[in-house]
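You will see two complexes here that share chain A, one where it goes with chain B and one where it goes with chain C.
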Partner chain A sequence: MQYLGVDLVKPKAAFFDFSSCEGCQLQIANNESNLLDFISLMEVINFREILTGGKDDYEIAFIEGSITRDDEINRVKNIREKTKILVAFGTCACFGGINKLKNKFNDIEWVKKEVYGNYPVETNDKVLAIDEVVKVDFYIYGCPVNKPEVEAIVQSIALGREFRYLKHPVCFRCKEKQNICLYELGKICMGPLTRAGCGARCPSNGNSCIGCRGPAAEPNIEFMKKIMKKNGFTERQIRDKFELFSAFKWEK
Partner chain B sequence: MHSEKDYLTRVEGHGTIDIKVKNGRIEKAEWQVVETPRFFEAMMVDKHFDEVSLIVSRICGICSIAHVTTSIRATERAFGVAVSEKTEIFRRILMNAETIQSHILHLYFLALPDFLKAGSIFPIIAKNRNAAEIALRLKKLANDMCDVVGGRNTHPMTMIVGGFTRFPSKENILILRKSLDNSVSDLIETSKIFMSFKIPVFERETEFVSLKGIKNYPWIGGELVSSDGVLKNENDYKSMTNEFMADWSTSKLAKLSRGSFAVGALARINNNFNLLHPKARKICDNFKLRPVCYNPFMNNIAQLAECFHVVYETIELLDKALDFDLSPEKVEVKPKKGKGVGAVEAPRGILYHCNEYNEKGRIVHSDFIIPTGQNHANIREDLNKLVKDYSKKGYPDKEIELLCQMLVRSYDPCISCSVH
Partner chain C sequence: MIFKTISKKDFNKFLEILIENNNFFAPQKIAKDKNKKPIYDLREIKNIGDIDFNYDIIKYPPRRFFLPYREVISSFKIENNTWEQNIGYETKVPRVLLGLHPCDINSLNKLDKVLLLGDYPSPYYAIRRKNTFIIGMDCEPKPFCFCRSVGTHTVQHGCDLFLIEIGDSYFMEIFSNIAFDFLKKVKTKDTTKADDDEYKRIRKLKTEKFSAKVDVTDLTKILDMEFQSDVWKEWGDRCLGCGSCARVCPTCYCYGIEEKIDLKFQNAGKLKILHACTLVDFAEVAGGFNFRPEKHIRLKYRYYHKHRGFVEAYEESLCVGCGRCGQACLAGITVPEVISSIRE
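Here is the complex of A and B:
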């Protein structure tokens, strides 16, 4: 591949999954029309889900999932030591994601018992995002990640260009699409607080934004809570939305 | 602790194969599931029914549509909600889209490299561009179906309790219909590619569990059946699965009439062969897949036959959908205290969700039983027999190792889903 007429050395990339649904890795295989070009950007040398015989001399590591067990802490530290660039790939990696719903319970023994009865299982008290364990260089938000955005970020990493994250909220894109505001329809929506980049996909399909991409650059969280309350939503309903992907802190 | 290199590749989630053969005798032939549990059943407690299907869709990135469909079915049955024919048709279309997406991903990206002695799809893309392009076209078709009907190709959000937030336009339906018509030639090419492969010879008699079709090949709800003659009501899913734990697996396991059973495409075809579309049956004939087929490697072929079935079935469903008014629709949902069970056929086999609610429509207790969890014990028994059979035949260790990996892959295990 060439950039400005110069042959590029393809960065060696690796993909790793931790506690997750592996849906973000699946997105790599999607967007079929330019998949073959996209793959040619990097030399994928380690990707357990689709590749046998992985190697360790990678320069970029994409990490999917959150950290829920000690062996995962060791694995991710080990990867951090080997790689130059570490990318938190998807909401679970960036924030802990849906897995952090488990953290709302203080009694981990109850959590274990609820699912496995008296059978012994290993899990840590609290689920952690990747940057709570090791340093993260890039974040790719979304549950799942949005493939065009993945492509843009991977391009900028491969070409050594700065990537500018969108600062504005989903709400802007939703307005652009001329959707009727969901608050007008009596629904609660995280669009005014959540970072854009998904093309306002959920509201455009008649569903509230569920905040999977985390906060926009300067969200006015306290004021939005007031608006939500003014629209008749209970504290409990608001907290449900804030807690869902663990990307928004609920302080009360 | 297992190192990165120990995990079996080209499967979803973390599992390892541990085999020891000494002087021609097997000391160990084990399938170990080491995936981290995420405790979804606990996370659900106190969650409102509006959010339940959104959360459980995150159990799995590959079969999220099946999880949403099952979850919604369980909730609707708990509340006594009946949905329209239009909603039912679009749910089926979405399920079919996921079946194609998952089967094609498995056939081309995960299984095919073994048959071509490659480590991944990448060298195949370089050498056999035609096969790669067929795979990508078929996958794109499935993803487009998910996008158009589900709002997104992973974790769909248009499908809700009581109906849909949005239906596709007639224009988009017609585009999908045309793409489905065109996909038949790609499927025929796919079957030619797989006809050129040598499917490993191996059999182990086992029990197969699936939904039981009456008039149609079953995908959503209905009775539960096993090839050993067990017939249960959907609500009675627990006695169909009898979950248990073992020290080699972080996933719960299942059994029925014997120590293990199998679910998935082969189980569905074994139990519902006569309900397959005639053209899908023809594919089975070409590969000599006849019920009851006890070769787990034939699960790949069963997936291929199902792709044909699903394409023809979806064309019929889209034709029906064109007769409807396609404005959004949702029947009234009033939460009430109670418990509901949903069973659907996910691409990898029968999936159960049970949601128990309080009067406010918040979860009191939930239970999910995932296809791969039901397969783990069977995979382990198969591995044991495979190693015995092929050691007796005098196969070298390297070849047995590859066969073992292929065997596990043939089940298309979704390990993180099974541990959830």
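Here is the complex of A and C:
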């Protein structure tokens, strides 16, 4: 296929899930109105959720989830060796995500018991983001990823163009939607620090942004903490928001 | 200027006629803040009873009706190596905006200077401006309003009709032929000496009520002198680079254009998005070079455009003193405070 006389690139793509809820992969199958067009931008050769079997000669690998077991470490290293481009797909892959909350506790046995009771589970002491194990070429943020953004990214690959992430915070888009700022309503919000690109999904529905897309390019973290405090939020409340997805560093 | 008075009852009849034949937008309560204080904005209204005449300010500026946050300015149908361009200027049902305060009417006059009367008039803007009937209303200064400092607290033109409440009637300033003709459908009265006196009394009372001020004397020169001032860095340290200020400003018109292509590669469009000069990616160009990588410099240029560059070009500032940017800024960066810190 061509666009204005230029041949489109159709990469062989594979999707892999690691420790995650698989919600990001599910987003791929979302938006049925253009699903077939979207899928045809790539030659999908490995995708457990929509394909049986699967081949290994992929050029681009989308990795969902974080790394919590030794076999996952080996598996992701193996994928890295095979693929040309490795994409961290979704917040767990990019930052560790909710899974990484575990790293805050010293006693892993207590964590296991608290979460799984007596059910036997195999899990490492520390959760790792993908780039803590292998080199990542591209990040797609979001819990879950934002399908229109994924479409734009994949399309830019097809066109051989650079995809340029928005670098500014969520507030810019939130104001465009003419929302009433949650701080005016007495709620806390991570929008001023979080990278835009989700269409200000949460504040537009009356919920605080919880920072799922991670920090904007130049977040003014220290001053925003002060603003949060001035608005009456406790250190604990602020810290909960910062640490939920392990995307923001907390230390002073 | 033609002055008339109209009873509130007759004015409502007038509004009913307008509601029936136009897309009609008027103030409505849209939320309550954490202190239970109501927040108002313009909303499309179908019944006169849905209008809230007790509104204090309109939350988001009326700019959006003329200069939307994002719009496709040109679309393309692509077939093989050829394409067909389509430009659709919006010519929908005429629109009525009720309740614009003087600052907002003046903001449109300022946008007119650039987008209507400038070297490159915008047909997108022009058609909406011509297609919109504006009824202005007088207001009470809020603690953050400083329109008086920049001379935008009164209206000389820019709307069709301007109303000042006097008892059970409105004192009307009729600015356009259309308004004059429309008003023939209802009962109006010539103003009396008593009405004129009441007008003057109310207007005088209003000018005395302003608490926020900006001293604009020699401001262009002072800004030149203070271009390297460390004060900018102090404000820059606070700025979150969020662009909320430009998003709520009635006069910001900077924009960027993106190419959008559908997944079938058969349709494309040029999407125009209003931008904000305080964003880190505002002045980034192809290849990743950024002309304004520093936050305090970006913030500074927002002030220089409003209070220096525009003044030199048009002999008036690009700020109408609505105070919205300061209200929206979580970091507490307000025009009166910034300007006074620079002057000191």
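For the reader, a short list of remarks on this structure follows.
Heads up, the rule we're going with is that the second predicted complex is superposed on the first by the 240 of 252 C-alpha atoms of A that agree within 3 Å, B and C clash if a C-alpha of one lies under 4 Å from a C-alpha of the other, contacts with A are read in each partner's own complex, and residues count from 1 in each chain.
Keep in mind that, in the parts below, a contact is a pair of C-beta atoms (placed from the backbone, for glycine too) under 8 Å apart; a residue touches a chain by one contact, two chains touch by 3 or more.
Computed from a predicted model, the values in this text were never measured in an experiment.
Clash-free side-by-side placement of chain B and chain C is the outcome of superposition onto chain A. Once the two complexes are overlaid on the shared chain, A:L4 sits against chain C while remaining clear of chain B. By the touch criterion defined above, A:V44 reaches chain B but does not reach chain C. In the superposition on chain A, A:K175 makes contact with chain C only, while chain B stays out of contact range.
Contacts of A:P144 after superposition on the shared chain: chain B is touched, whereas chain C is not. When the two complexes are overlaid on their common chain A, residue A:E22 makes contact with chain B while staying clear of chain C. The larger set of touched chain A residues comes from B, when the choice is between chain B and chain C. Within the superposed three-chain model, A:E72 lies in touch with chain B and out of touch with chain C [touch as defined at top]. Panel annotation: after superposition on the shared chain A, the angle at the CA centre of chain A between chain B and chain C (CA centres) reads 110 degrees, nearest 10. When the two complexes are overlaid on their common chain A, residue A:N30 makes contact with chain B while staying clear of chain C.
Taking every C-alpha of chain B against every C-alpha of chain C after the fit on chain A, the minimum distance is 10 Å. Shared interface residues of chain A (contacting chain B in one complex, chain C in the other): none.
Interface residues of chain B, counted against chain A in their complex, comprise 1-2, 4-5, 7, 9-14, 36-43, 45, 47-48, 51, 54-55, 58-62, 64, 105, 109-110, 113, 119-122, 125, 132, 136-137, 139-140, 143, 151-155, 157-158, 160, 165-166, 245, 250, 252, 328, 416-417.
The touching residues of chain C, counted against chain A in their complex, run 30-31, 33-34, 39, 41, 59-60, 64, 69-70, 78, 80-81, 83, 237-244, 247-248, 261-265, 274, 276, 279-281, 284, 295, 328, 330-331.
For chain A in complex with chain C, the residues that touch the partner chain are 1-5, 8, 34, 37-38, 41, 151, 155, 159, 164, 166-169, 171-172, 175-176, 178, 180-181, 183-186, 191-193, 216-218, 220, 223-224, 227.
Put simply, chain A touches chain B in their complex at residues 16-27, 29-30, 32-33, 35-36, 39, 44, 47-54, 68-69, 71-72, 74-75, 78, 97-99, 101-102, 105, 110-112, 114-116, 119, 121, 123, 143-144, 201-202, 205-207, 210, 237, 240, 244.
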